[in-house]
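Structure record follows, encoded as structure tokens.
By written order: A, B, C, D and E. Residues from 1 in each chain.
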């Protein structure tokens, strides 16, 4: 029997998430778990006809949770790099985003070019693809890797601990809404274009096939676009959460 | 995770772990020196007769003991810039560890000084020594011996606590393990390796404690 | 802006209460279990058997010498490979209990060793059995030495419990992380988190101090 | 040199060629000594001569390396000997009293009878009160050790031993931690116990006590019994230089 | 009742109507006492009668509430009196020795001369060695206190006091923590010090010592001086019931 049979029998889909902040995965004021990825996962469970259980980990805990079988799949804004693909099975990308550079609005760093200066303090997220991109793009800069989610990058830049930050553009846009409008300058050009994908284990081929099928379906029938428009491409979600 | 445990990757990352270990060691050493300074100052305040010094020292010690290091670290890290003080992460980290451990060190030193029998103080008084002479010649050398083992215990705690600095972008030992987890998705390899390194440091410090105990035992015999 | 942020944080109070509840729950359960096991280990460690005593010593060293985070990971993620499947809460309790037991074991050992040998000899001379000596003579006296650091250890335990958020339990520290995503003011949020811990821990610190002061005073040492 | 009674083997306490080492230190050398039932033996000698070790061996607080030690007919170190049982037959009074500081005087006295002899609490307490009255402490029944003077503490310690109805009582310098005034109140109690016919071995330098109740004084030096005899013999005509030198020191002041 | 010398005010140590309380306990009651230069006074009395408190007041280890206490011409509690300086003139020997455990015998003796008297180290060490030789410990110069017997420790403590060349020496039960054999070696040193003409106050129950060197014995009870006189008067004809009862207890055994 495959993993899908197991999930059906169990009546429960176990999904590992990292609550790294809007727009992908967050906890609302009342403690409800929500976000773009979270809603997609809920949709998956609905299509499977089972209930969903979220397991909430730090970044450090996500992969062990999947590999040790605590979770069936992993839903986070994770870029499917080839190195990571050696360990877990990624679905096809369901959206593309990229790393962007942002600074405080009144900063002397106006363009990405300014940040190349030697000693510029650049905040990135530990282990995120932005960390790699920043190292490539700003070889002379002083790269600081933070742990604990995108909002802390914004806080670091806002407080002056870093001159600029590099992170996923959707995340930056979503998370900067917590500040008064116009607090940050988000540079228009992306450092890179990166896909986002879900992940599962290589010993669950049936689940992987099904998840790819699911992504095809929701992009064809527009449910994926609706989700992204609500969460990622606009600030509509702010009204409800 | 264990059946695919990859020693090869660990070896590949060993230089990184080495760097992390070195960073952990020297930042622990600096922080512990800071903690000693803070602790001695606080203990001195706490042993004064006047409330003027004693009450702030006690309040500080209690506040540090009752709150997690994480909160203290962030309090400094986010708080200092609001006062216009922007310091490198490493400095904030060492400061946080020093201020945190300093409170525990102060308690250890105070207990050490209070453990010296009253008769010793009286013998000093009776031979006409001043307060400073008594402290320097009679009390502190004896208190020193009593406090060495608990101080080394606190050093062990500090070394492990320094892992928290990875949160504010200090590249120490724990960070090296996390890199293995996030780049290669090999958390088991990463964590077990750092555990081994921390254990190494632990046994090092414990050996030092035993050694110092024997050394001090030789120098001044037991009472 | 601060005002707005405060309001937003205030809106999260149910979450904060849940986090506080989780912290207290985890600490309380592992504190009780850890104390019982720690006393057991401590008594065994001071008992005559070298093998048992050595094994306990090695285990205590292992736990004291490695980061708690790693211990939690091993219990939650590696034990399943040995066929022991645990949910996050149980794993957290086990890890915390084990940690507490090891530290308490050391405290108890120090307490037992502080009881003058004359006391044990007096009990021995009147024919009390090993367990009777422990229960009637040694432990009650060791308690005076043990209590203050024991309560101090509880404070450390409460603070260490935050590490279990790494395996998905929403405790007070975790709530801080969650809230900081919507209210990006680390200073304010972690100040409040610190305050939460302070409210739980401070009474215990006061208690430890009082016990310490009473230690000398109570039905004191035999005067020679 | 020791009494020839040690040969016939009917003694309550029988040392036969006992040796004991602490590491390389031979603390007891070839001890042969027999103590008859109802006999009171005083042991004296310079500090470090092995007096404490000698009497601590009798109730197994120290173990011996070779030779035989037979107490109340049971050989120590013999697997057949139940040490815990045997210890209930032997009372031991320490120099530093070693009262349980967390128990009242009465609780100190009744602890072992209740838990070891399994005597019902009410009965044990009644007996305990009587014993405390006997040592002159009827009014201190509920006092904690820290509330008692040294002499009072030592009397409680004696009552605690008597509470087990032992066949033998051992005393290790019972008065040397006491203020001069309190010494006599403890010695008085000890004299009373001796006069009731208890077998006693007493390490002490109180020569007045030795003169009054001891049948025999044993003088030790460097782990060996150097001299033994009646108090009169020993004090008036010490046979060896060492015992003479010792007596001159402790009797002079 | 106390000597009428206390009136003329030339004493080395002068108590005039001294009172002291611990909380509500009146530990010293109306003490009037004068000790002449080169006089040796023995203080005795039951435990808790205030003997230690009395002599601890003299070097300011305890402070008095009312009355005058004049030592070497300086009034204690007077702002003009430099207590630290005065203390260097007064040697104090404790019952429990209180040697510095982390210093050798020689270092114990030279510590205060070097740091308080500012005597050059070489000179202080020479003097220290001579003193240790004088108390019979020439071979223990480099031993730590833990390596010495009680009697040896107390002799080092006496040498430590002598090293400061004090005008007065105070002793608080210097032999009561010692084994009987070691008492005489310490008393011998004390006798030698007394015979060199030191002003001494000695709390002790060693009546042999009192007989030999004391000019006066002071008997205290419940914080007051009840009786004082020459040793002969005091031992042969104690005037009060209390002193008679006390003497009977400590001299009997």
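Here is the rule we use: a residue touches a chain if its C-beta (ideal position, glycine included) is under 8 Å from a C-beta of that chain, and two chains touch if they have at least 3 such contacts.
Note that the structure is a prediction, hence the values are computed from the model and not measured.
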Joint neighbours of chain D and chain B, given as chain labels: C, E
More contacts between chains, C-D or A-B: C-D
Intercentroid distance (Cα basis), chain C paired with chain A, Å: 36
Chain A and chain E, separation of their C-alpha mean positions in angstrom: 82
CA centroid of chain B to CA centroid of chain C, Å: 20
Multi-chain contact residues (two or more partners), chain B: 1, 77-78, 82, 187-188
For chain A, residues that touch 2 or more chains besides their own: 60-61, 64, 67-68, 148, 155
Where chain D touches two or more other chains, by residue: none
Pairwise chain contacts, counting only pairs that touch as defined: A-B, A-C, B-C, B-E, C-D, D-E
Chain C contact footprint on chain D (complex, rising order): 59-61, 84-85, 87-88, 90-92, 94, 96-102, 111-112, 115-116, 144-146, 150, 153, 160-161, 164, 177
In the complex, chain C residues that touch chain B: 61-62, 64-70, 73-74, 77-78, 81, 152, 155, 159, 162, 173, 176, 185-187, 190-191, 193-195, 197-198, 201-202, 205
Residues of chain B defined as touching chain A within the complex: 1, 77-78, 81-82, 86, 89, 166-169, 171, 175, 178-179, 181-188
Of chain E, residues touching chain D in the complex: 46-47, 149, 176, 179-184, 187, 205-206, 208-209, 246, 249-250, 252-253
In the complex, chain B residues that touch chain E: 117, 119-120, 122-123, 125-130, 133, 137-138, 141-142, 145, 219-223
